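Each of the next two complexes has subunit A plus one other chain: subunit B in the first, subunit C in the second.
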Partner chain A sequence: MRARTRRREAAQGYLFLAPALLLIVAFHVWPALYAFYMSLFRWEIAQEGFLGLRNYQRLAVDADFLRSLLLTFVYVVGTVPVEMAIGLALALLLHQRLRLRGLFRLVYFVPYVTSQVAVALVWGWVFNSSYGVANGILVALGQPEQRWLLEPRGIFGANVPPSLALAAIMLVTVWFYVGFHAVVFLSGLTAIPEELVDAARIDGAAGVALFRHITFPLLSPTTFFLLLVATIGAMTSFNLVYVMGGGGQTFGCAGNPLGTTQVAALYVFDRFWCQTQLGYASAAAFVLGLVVLAITALNGRLFSRRVVYVG
Partner chain B sequence: MSVRARRALLYALATAAGVVMAFPFVWMLLTSVKSESEATAFPPGLLPTQWLFSNYADAWRAAPFGRYFLNSAIMALGTIALSLATAALAAYALARMRVPGRGLIFGVLLATLVIPPEVTLIPNYIAMQRLGWYNTYLALIVPFGASVFNVFLLRQAFLQLPQELYDAAVLEGCGHLRYLWRFAVPLSRPTLAIIALLTGIRAWNDFQWPLIITDTADLRPIQVGLTIFRSDVSTNFQLLMAGSVMALAPIVVLFLLTQRQLVQGIARSGLRG
Partner chain C sequence: MMFFRTALIAVALVASACAGGAGPSTQAPQPAQGTPAPEPAVTISFWHGQSGVLGDRLNDLVSKFNASHKTQVTGTFQGMYDQLYQKIVSAIQAGSVPDMAMVSGPPQTAQYLKAKAIVPVQQFVDSRDGFSGDQLKDFVPALLDDNSLPVNGKKTLVSWPFSKSVALLYYNPDVLKAAGVSVPTTWEQLRAALKTVKEKTTATPFAWTPDVYYFFLPYLWSQGGEALTPDLSKAAFNTPEGIAALQYQVDLVLGDKTAQVTQGFDWQNPFAQGKVAFAVSTSVSRPFIEQAMPADKKFRVGMAPLPAGPKGAKTDLFGNNLVIFAKAPADNQRAAWLFMKWLTETDQTVAWSLASGYMPLRDSARNAPAFKAETDKDDRLLVAINALKDAHGIPGSPDWQKVQPVMGDAITKALLGQASAKDALTEAEKKVNDTLSGF
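Take a look at the complex of A and B:
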């Protein structure tokens, strides 16, 4: 009798799980495997001949693909630490029990809920090379105007990434995500037991020392978590680059100007959508997926040991 | 530094950061009511001499915005409904029922979180064509009808319901489905509301998937429509900014109305778009 009710409950449980599992397997798990399958074929509009790993061999010497990985690396390194540092600074500021704290938090956070397409159009207008307010500010300060999203020259040197165009997009990325980091850091700060901070204060810790030895270590689970999600997000970032690349006058498959904004997600989209090389694009997507996985694992190994958990 | 000076410095910093964060939105709003000649004056003036709110009517007429909004609303509401239903059932099974292999299922769900969207994009595009869903609402809604995040969040909420309530209900002969519908769901309303909001905002702002899966204006959601609008108005920046304001407004208003709960929900779940 008990065995039968248990069997019935199990059957009903699977029935409850079925709709969610079905959708997740059908549209998340299976496509990931199918992407690998597609990458083994010559596949343009329709499936053609079997290529084995030749798409991957081609990728290994494809200068555009390798550049896109380099640009992705530059993009991640130039955005994630910056947005985390500013986010943490803002969180510490908000944690000081300022009046109007709710209003400040709101203003910092708004970009995060807005559409990346619309804000990319707005920033494209700010950086417009003929009429943009960014150049207006430069002129008011007596500085030469810039071509911003149309400028392929590197900010550290003519051919050194990031180009001014990519740097401008990175700035927008930081602006977009800073509030998210601030809010998550703030909730991490609020979760630190006050007794610990008070005890450290009694022992004479204050200011920078208090932050370095008490607050920051106790915040490490939050920091670690943010590092993980921000890195994954930045490695696969698409919308901002697609809409702003090349000054936004033409749509950005090519990662204009001169390909200097073609990060990996954009490269995949270019080969898939603009050039209809579905098999080849799948191979590139699969490599990108593996790189994301590897970086996630590496982050875990490097930083998880330094994470301090309380309670 | 005196306490007073320190406070003043903190307020100055917080305000400066706020100005930088809000500036693009302010600039968008100001441009959206300028005349064409003022919008393209250089160096630009801050305030318009004449506030042309008619730009909004012009923008509205220049593209099928009404249709775009309707499509985005259908996409958002459809995704919310499907996502809440699938998440409630699955979360309940994971929280309350003895299902063999529960740990394994949990692990598989967790693993899907590291699959980047670029990898699934192309096969899903092919799947939509094979299913005959290309350029339909089904393609805009169904593939995102189950979210692992939502399942986890809701499971957490269900686990926090008192065991005594469940025991009493079972004693009265209440089955799982009935308990879920009559007790678990109503008692988890705050979590459900956050899930609905986050899912809706995500759907409203989604761009890459609708871009490749819609082909005609009568199916295009607002974000895709906005990029087409940009190509159409090209140098009429005041109209483009008016269109951007319209695309942002519903979410920003919704956010202002619900920000306390929403910000807490995001802080806890750590969603990142």
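Take a look at the complex of A and C:
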């Protein structure tokens, strides 16, 4: 009788899981498996010869692909910590009893709920090398104009990434996501039990010490969550980079100028849609998926032990 | 009994579905002699990339065809050229292609042909539904060349022309007058004119978004060079002609400082505002420029052929062609051809040209009363048509989409001063040859 009840409960459980599972299988698992299948073939518009793992061997020595992984790394390192740090600072400010606090929260969150393509187009105009506001400000300050999104030269050295074009895109990325980080940090701050803060205050902690020993450790579940989500998001970032990184060519595809904004997701897009190398692009997508998985696992291993849960 | 009847109906349904010809066409087109068979009473699907006013005018043409034919056409806008291409590629993967579609040029046609996704239209041209040799001569030869690719070693019409435009030189006559320069007809004259405009006026002499099509290829062709070898298997641009083509742009940007590099179509508004003397774009850009003109500063947009080199004035052929898919049933393929043929009859090609700014496809269109009335009013329509004889198609290689960005990067590098024209093209040549040789 007990076994029958358990089976019935299990069946009910699977039934509840089924709709979500079906969607995940149809739109994630099956395409991933099919992409792996495609990656084993020479597959341009139509399926051609079986290549085994030769697409993967070619990727390992493809300078453009390796550069796209490096640019992805630069993009992640240059955006995720910065947007998290600014987001945390804003959250701490907004956590104070300020006048118009609600308005400030709204203002910082607005970019996040705006269409990324619209944001990218507007910022593209700001950084337009001929007529943009950015150059207008530079000229007003007596500085030379810049080519911004057309500039492949690096900001730290001619051939050292990020290029000025990618750096401009990274700046917009930070601007876009800061509000999201601030709001999530704010909810984390609200969840910190008041009695712990009060106890620390009675013990004499205040200011930086209070933040360092009480607030920051107790925010760690939020920080960890944001780190994972932001890293995965940045590693697979597409919309902002694609629209802003058009690079000016009328007939260009993804990642101009000179490929210096071609992060890994754009590389996959470029090889798939612009060069119609469907099999090869699938191999690149599969490798990118594995890299994201590995970095996520590494993040978990490095930081999960430092996460403090209260309650 | 009930079961037996149901089974019988099911078998009949399956059989009729098979007979309906859902699979690839096996029926050969009819031979050239004799009376054509009756028009098939089928509905065909046509994917295109025309939106806005052009989409409305195309729909008008489709409606006109539907009103007078047994064949019915359902035209669907599938996005601009890039999205249309992506949808066709996806449809090929899914095995559910339309009967016919627009295609944005020979490289994409070559890809579809290589994948055996389309049927060459030559078989319909040669059939009883097609054209006699004399009738075919009415079409502009450059356009038929643009739609021909080698099939089994023989030059074959694989697609059919529809909306065609060429690259032209745009100029502001007021600025030219102020500078005292006339419209240049050679590359050297253009360079000299830009210098004079710089010296004598406050206008930007030349603004453009450099890429393979805007100046590199026309200059290269005008010197007698080519982008790829005749068999399309290797790069052919790293030659004295290619280096001269790239050096010319480097001289304008870095040497004379008479050319401003823009992004996308960003040259268009300043040109429309009268701040730029020369620009380069396709022949369909004029309405866009005129729309962008301030009401109090309108001027008559000047249009001229691209400058000439030792081998004459050459220009790129842009726009779109039409293809018929191999998976379409035979009747639908034939219906698609009949629709294409109708679309390019003199009356329709004139109507489409006047509505869209694309060029008429036939010589007879020039003398059609409706067209002549327009060209009598505004002779600029003839500039593009006259340039057609010098038009050069984009190389019909299925790998062109891999080649073009490499050449684009070489141009960018040289214009930034990161490499000499020679070094940039040498690097690009190696990369292109690696790409074209496969893995």
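In the analysis below, the second predicted complex is superposed on the first by the 283 of 311 C-alpha atoms of A that agree within 3 Å, B and C clash if a C-alpha of one lies under 4 Å from a C-alpha of the other, contacts with A are read in each partner's own complex, and residues count from 1 in each chain.
The criterion applied here is as follows: a contact is a pair of C-beta atoms (placed from the backbone, for glycine too) under 8 Å apart; a residue touches a chain by one contact, two chains touch by 3 or more.
Because the structure is a prediction, the values reported are computed rather than measured.
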* Asked: Regarding the shared-chain residue A:130, is it in contact with subunit B (first), subunit C (second), both, or neither?
  -> both
* Where does A:150 make contact in the superposed view: on subunit B (first), on subunit C (second), on both, or on neither? -> second
* Structure fact -> Counting residues of subunit A touched by each of subunit B and subunit C, the higher count belongs to B
* Using the superposition on chain A described above, determine whether A:30 touches subunit B (first), subunit C (second), both, or neither. => first
* First (subunit B), second (subunit C), both or neither: which does A:217 touch? -> neither
* Quick one: classify A:12 as touching subunit B (first), subunit C (second), both or neither. => first
* Asked: When the two structures are overlaid on chain A, which partner does A:293 contact: first (subunit B), second (subunit C), both, or neither?
  -> first
* Answer with first, second, both or neither: which of subunit B and subunit C does A:21 touch in the superposed model? => first
* Partner chain in contact with A:81 - subunit B first, subunit C second, else both or neither -> neither
* Of the partners subunit B and subunit C, which touch A:178 in the superposed model: first, second, both, neither? -> first
* Asked: Common interface residues of subunit A with subunit B and subunit C?
  -> 128, 130-131, 248-249, 251, 273, 278
* Asked: Okay, in this complex, where on subunit A does subunit B touch?
  -> 6, 9-10, 12-14, 16-17, 19-24, 26-32, 34-35, 38, 90, 93-94, 96, 98, 100, 102-119, 121-123, 125-126, 128, 130-133, 135-136, 139-140, 175, 177-180, 183-184, 186-187, 225-226, 229-230, 232-233, 235-236, 238-239, 242-243, 248-249, 251, 264-265, 268-269, 272-273, 278, 281-282, 285-286, 288-289, 292-293, 296
* **Contact footprint of subunit A on subunit C as seen in their complex** => 82, 85-86, 89, 92-93, 111-112, 114-117, 207, 209-214, 260-266, 270, 398, 401-402, 404-405, 408-409, 412-413, 416, 418, 439
* To do: Note which residues of subunit A are touching subunit C in the complex, please.
  => 42, 44-46, 51, 54, 58, 128-131, 149-150, 152-153, 246-253, 256-259, 273-278
* Structure fact -> Per the touch rule above, subunit B residues touching subunit A in the complex are 10-11, 13-14, 17-18, 20-22, 24-25, 27-28, 31, 39-44, 85-87, 89-90, 92-94, 97-100, 105, 108-109, 112, 114-127, 142-146, 148, 151, 176-177, 201, 204-205, 207-208, 212, 222-223, 226-227, 230-231, 234, 237, 240-241, 244, 247-248, 251-252, 255-256, 259-260, 262-264, 266-268, 270, 272-273
